[in-house]
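After this come two complexes, each holding chain A, first together with chain B and then together with chain C.
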Partner chain A sequence: MKLWLILGVVALVLLGLFLSVPFFYRPAGVGEEGVMVRRAALGAKIRGLDPHDIGDTTSAAVGGQIFETLYTYAYLERPYRLLPQLAEDFPEISEDGLTYTIPIRRGVYFADDPAFPGGEGRELTADDFILAWKRMADLNNRSTNYSSIFAGYVEGLDEFRAYTAEVDRVDYDLPVAGLRAPDPHTLEIRLVRPHNFLLYWLAHLPTAPVAREALEKYGEDLVNHPVGTGPFRLVGNYRSNRFSMVRNENFRRELYPDRAAEELAERGLLEDAGREIPFIDRIEWTVIEEAQPLWLAFLAGKIDSSGIPKDNFDQVITTDRELSPAMKARGIRLIKAEDPSIFYYGFNMEDPVVGENRPLRQAMSLAFDRETYIETFLNGRGMVPTGPIPPMIPGFREEKGNPYTRYDLDRARGLLEEAEEIAGGPIPVLRLAMPGTDTTARQMGEYFRIQMSRLGLEIEVDYMTWPKFQDAAKTRSHQIFSLGWLADYPDAQNFLLLFYGPHRSPGPNSSNYSNPEFDALYEEAIALADPEERIPLYHRMEDILIEDCPWIFTTYRVIYALYHDRLQNYYPHDFLYGTMKFQRVRSDLPDSL
Partner chain B sequence: MTAPEKSRNYWLSAGREVLRRPRAAVSLAVILFYLAVALWGFTGWKTPDWETENFEMAYRPPSRAHPFGTDIYGRDVLAKTVYGTRVAVSVALTASVLALVIGLVLGLLAGYFGGWIDDLITWLFSTLQSIPYILLILAFAFVLQDRTFTLFGAEFRIRGINAVSLALGLTGWVGLCRLIRGEAIKHREREYVLAARALGSSPGRLIVRQILPNVVHLAVITFSLGFVSYIHAEVILSFLGLGVKHVPSWGVMIDDAKLELFRGVWWQLAAATAAIFFISLTLHIFGDAVRDGLDPRLRGERR
Partner chain C sequence: MLSYFIRRILYLVPILIGIALITFLLFRVVGGDPVDRVAGRYATEEQKEELRVQLGFDRPLWPQPGRLLAGDLDGFARNQLFGHFASTFTFRFGRSEQYRRSISEMIRSGAGPSLSLTVPAFIIGLFLQITIAMLCAFRRNSRFDRTVVVLSVLGISVPYLALIIFGQAYLAGRWGLFPIYGYPERFGFSVVRYVALPVLLGVAAGLGAGVRFYRTVILDETRADYVRTARAKGVGEGGVMFGHVLKNALIPIITQVVVVIPFLFLGSLLLERFFSIPGLGFMLVDAVAGADWPVINALTFVGAVIYLGALLVTDLLYALVDPRVTLK
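And now, the complex of A and B:
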């Protein structure tokens, strides 16, 4: 009897607790008066948030809210225009083009972090940039970005890099002649030869400053403790599938831009002109690798913006490529934009099978049916590419055509015979690495396998997570890999640098392509100050790549971005990642359900 | 006329017992049909072609030419289902046999010898049993995925179907091992075993000739009931991307369907689930009947 009584009481208590959950539990950001929450989703895990090594869009999407760079782009102006950000002004460049003197903005503070004395972020100085760039040069850090940004340009930095390979403990206090801070708010960069892209790079996330205090406290673990000057700071651990950011209390006074391209102004993007930013109090990030859950979360209003998965495209977009009335009625809006990007299957040119066999690469390129690919996986949101230089980038040749991006199985078979002669027998099984383990990645891998089997080649596909995939690329362990490149700045050099020999992995040349003729043209082109003069050289380089096929160019893509209309001031930017500080989430509009 | 009474063969009578139940008989027919389809897949003789893609025919609903419709690459879903049967049945069969052998051998050894051998084996299966089953096979599948190892100078590569079968077989023996161990402990003290030992039988002979025949019905029951769980596990692993690659599997078909349903493409899901449903149902019914038939205590009871 007594036992029953006790059990009954316990059961009642449990039931009470269970029923009271809805009263205490509140999903993040719901029902908190006056707190503006932006809910964002990522389609892949983040590889890491150490600025020098950020080289992928996922890490940049998150890191862009935390870190800032000396220069940035005007958010709403087209064509794109550079603006000073952490710099007070544009650099003073000496007549020979070799010395850049950059005034650092005063009153910029790092976000509060236990690394600082008293936990309070201190003011940014020129030394923070010098430290950050020495870390990028440090060979032990295996940065993706050093070879394309600084290698061969900054006086003494390459020597510093060589020194880091020789010592056990790198001393970051060792002076580098080309990087000096005459006073805390002046940064002086001395070059050994003119660097025509330096300003673009100084607007690129990997050149963001690093606080010495943070490095001293966290050491190698700095990658997990991003400390920046940006509008938001991380709370908790970004390696989990849900994490958030709050406003950086130390963020300086910054105003919403008052200039915009006409088309953007017409969309109402200037309504907040002159108001202090950021508007958002908190960003809730969710990592959702599978397309469907992400899409359903978007439809349910749990995230503010999203792309359109291939299987939902017809449900959302009408035959004349507009948003369906049903979606409009739900308060969903669409932005269509061309995107300077190229997607491809890359060959590791150091691989003895594919690297030394040009007819094989050409045959595979010819055997890949791009039109069906674009229809099947992109619902027509793409174009058959010419070469590495995409639309919107000066130097793009629409009419040029590429003899190897046509689908021509007969010619491919002919080339394969040549390839087999070179290989001295049948081509062995080839391995393709796909950057994803989700259903769509599997279907795309399968598509490649099917296309190559039509040619008579056998392909083994490996599916790996995004971080694992990138690490394998850094160590040159792929044979064939699927990847894309989105422009960092509006110059074709940003695409051609992916083939420059000295940029081989861990640099951005993931194909490890190396061709003396190409390298000579590249060096000649980048030394030209006038962008117009570079273009004929770019075309010659592109011609070499078209013939050599280190990549199977698959698509130039077009962006279809969707967002709920409660999200305001939202517009895709091709080079800028830290755009959430401009955005606003209206709480008077209900979640579109 | 006198005639000696023939002893009724235990297995034969059990078989009759099972087949006397109409539901079990129908189930057996269905199972045999699946096995035949799997075998057909193996022979490759006039099997429907699942490999030929035709992108113009992508996502066609069921029709006369394609009774189960087509998939994203315009491949025939019926043919994929047939091939999926081959994958599921061969994985389940290999895994069952592997688990059976390990479970039987270890169980008999532990039960008969006791002592430190028993301690060791009990420790091993208790450890394995304490890990949740799905996590355990996921871990095994992860580790075994795409491995190359050398054995007796020859190089073996485990991947796809082999990796899945191995992962399932290496994790699936625990239940049987426990059962057999218990039975063996019971039997080793029985008079007939003691008598055989007194006559000088070696331990090996005792185990194989005396104890094994008296516990083997447990193995048969475990086999028939375990088979279906291996089929499920194969589907789960393939669904999660840890299973077979490049060949159709019911799990991969369901994974595809997850996206396709939004396009209104339901036939791939329907085909795979129907295939899983019927084999699961019939294996359960048949497995129950086998257990009833083989367990002397349940003999004659109609349930």
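And now, the complex of A and C:
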């Protein structure tokens, strides 16, 4: 009885406490006078903020405000253009293309941190890059970026990587022949073979410098204590679902850009040209993984920008693909931007049924109704693709067209007859592997099955978990599979490498496509230092792929981004994450939650 | 009693070995190739093979008896299964593959937010469920009892997810009575503000089923002989219910309560996710979505240990509350 009384009292007190919340909770207050706060939401948790291992967009979105790289992209220019950031200038490249000498910008300081003597950040030097890249090579750190950026290119770095597997304690002072700092402000990279895409990778966050003092203080825990040279520094623990950043007091003088693409300039994005950045004093981040609370928070003005949840699309966008008047009246604005990505159904070219039957692949491509697919699954946020090179990538040809990406069932049936002749009879049941077991994957698998049944083909769909899907791709046991690819840098090579013969599974060429003519063009193209000279070769490669049909191209994605009009200088960028230094927020706002 | 306790502890050993073995099999059979998660998307076959050797995934999965017979003890012990057992049983779960963070630290930091949500929901829910059930039993077949039964059935019929979505959309989103989401960076009184709505929704979600269950339990007890005896002796209805019936209904109540306790530590998957509360439920969903096997393994094992511990405590409590139960 006594126990019951205690339980009752505790329960009633707690209940009273929780029920009283509506009486003292005020959803909106007045912002701090003169303090500019940017409120941002993350759709997933941050994986980690150790630069070498940043690989997901969430970590990059946060890390991009803290870390900087040698090179970066012009914020407002399209097509995308590289600019020096922590480098003073573009590198001096030796005639054989094997030695890069990069001048490091002077007067760049790390943010203050207890790791430094007296807690004051020190000046950046070339050694900070060498340390960072050795850490990326260190196998114990399990960086997923090493194979993309440096593997097989930098003299001595692969050997250093092998060494890290053999010792208990890695000595980062061990010299690597290909990474030298002749003086604190000069970095020399020696390659074993030319790498014409190296500068793009040096604009990638994983190549950001690491201060030795921070590594010595935090060790393995450096992942939780990011120390960078960027415009903002972290306060508090980013592992919680809410955390903040404030201005890095040591950030050098940098000005808002004065060049922009015409369309962006017309949106008023050059109004702050020449002013000192950053404008924002504080960034408040919140992790909200579910679409509903994210959307409610955006409507309530608690976050400044958002995508559009699938279920709310009709509430926001009119039938002519514009923002609804109700949203406009709330001070919400819309940006539509093409995205350098491609989604597709791939054929395993080593499979005897689909791999050796080009008319069959062409027929299936013609029988896939992309317009309905884009409307059904993407609320219209997509474009019918013309080839593997998507919009925003130099070399994209909108006018080119693709005879196999329009919906033409009659022509498809004609090609299927040809295909049956090659196969010596009716096409057997085909297998499609979907990388997911969720509802959307099932709906997409079913859509494909129905489309092909209209052509007279029977499809069996196998819904797989991602690891199982990867295993099957690696062992080349898929027949048809669904995938997508997002660009890492603005060069068509980043897409065409997916068809290069030596990249076959388990490499990134999951279709196991192999065509000597294509491979020769690819090798010729990547050996050219001038990106403009590569484009005609890229077009010839694309033409081969369009005719060969190793993929059924389904969509180029179009991004719809919403923001409250108090947020200024906001525009999505496909490769640049540290964009908040350009943004400003009108401060007559409700305070945080 | 002591020998019973020791015997039960010993029984736990093979169960825990079985659980560790199952998680290992799941990790190896459905978990895919761990090298893929480390290699990056441009890695070639040769680079992946190198990584496999360097990370120790080229070791045999199982102990090789041949090596033992040849006297090679080191070789016998160098296999992935023994490595898995060693890390699991010493609670050294290593680092999350997804977040590169110590798993023990993740569990420690997630337990607080989970408990701040689940414990109040559990206490309030339990008190309300039993109190309402007692009132129903006290006034059985009255209009009140019938209304509660109908409402309980309705409550059971409303899906948990729908309750959360509507609660969040209206109470927080539309009417602004509670925060829509969030959890403070540091633990303090402000937690109340953020967990209030999820706690109330959690209580509301469990109320129907709980009331139905406890009402049945208590009504069963009210038909017992000792209740008639008490009434015959002139004990009032309140005294009968709280002094006798509640005491005797404790066995099923304890069974129900103790079984729930381990889940309090593991948090509430849906509530944490919808309200952005950084608890262990949120962590488990993320781990499953990201195929973060070390985290799944750690949470499964820790959950199993707590669950088995709770079952043992249940048996001991039976003996404490019911003199008829003896533990041999």
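Just so we're on the same page, the second predicted complex is superposed on the first by the 354 of 593 C-alpha atoms of A that agree within 3 Å, B and C clash if a C-alpha of one lies under 4 Å from a C-alpha of the other, contacts with A are read in each partner's own complex, and residues count from 1 in each chain.
What we mean here is this: a residue touches a chain if its C-beta (ideal position, glycine included) is under 8 Å from a C-beta of that chain, and two chains touch if they have at least 3 such contacts.
Since the model is a prediction, treat every value here as computed from it, not as a measurement.
*Asks:* Could you say whether A:P508 touches chain B, chain C, both of them, or neither, answering first, second, both or neither?
*Replies:* Only chain C; A:P508 stays clear of chain B.
*Asks:* Between chain B (first) and chain C (second), which, if any, makes contact with A:T372: first, second, both or neither?
*Replies:* After superposition on chain A, A:T372 lies in contact with chain B alone.
*Asks:* After lining up the shared chain so the two structures overlap, which partner does A:V10 touch, if you call chain B first and chain C second: first, second, both or neither?
*Replies:* After superposition on chain A, A:V10 lies in contact with chain C alone.
*Asks:* Of the two partner chains, chain B (first) and chain C (second), which one does A:Y463 touch, if any: first, second, both, or neither?
*Replies:* A:Y463 sits against chain B, while chain C stays out of touch.
*Asks:* Looking at the overlay, does A:Q292 come into contact with chain B only (first), chain C only (second), both, or neither?
*Replies:* both
*Asks:* For chain A, which residues lie in the overlap of the chain B contacts and the chain C contacts?
*Replies:* Chain A residues touching both partners: 292.
*Asks:* Once bound in the complex, which stretches of chain A touch chain B?
*Replies:* It comes out as residues 291-292, 309-312, 314-315, 369, 372, 375-376, 437, 439-440, 442-443, 446-447, 449-450, 460-463.
*Asks:* Per the contact definition, I'd like the list of chain C residues that touch chain A in the complex.
*Replies:* Spelled out, the residues of chain C in touch with chain A are 30-33, 36-45, 47-48, 50-51, 53-55, 97-101, 106, 109, 120, 123-124, 126-128, 131, 165, 168-169, 172-173, 176-185, 192-193, 195-197, 199-200, 203, 242-243, 246-247, 273-278, 282, 286, 291.
*Asks:* Residues of chain A touching chain C in their complex?
*Replies:* 1, 4, 7-8, 10-12, 14-15, 17-19, 21-22, 25, 27, 44-48, 50, 53, 55, 139, 142-148, 151, 162, 165, 223-224, 236-237, 239-243, 286-290, 292-293, 296-297, 299-300, 302, 465-468, 470-471, 474, 497, 502-503, 506-508, 593
*Asks:* Any idea which chain B residues touch chain A in the complex?
*Replies:* Spelled out, the residues of chain B in touch with chain A are 53, 55, 58, 72-73, 146, 241, 245-246, 252, 255-256, 258-260, 262-263.
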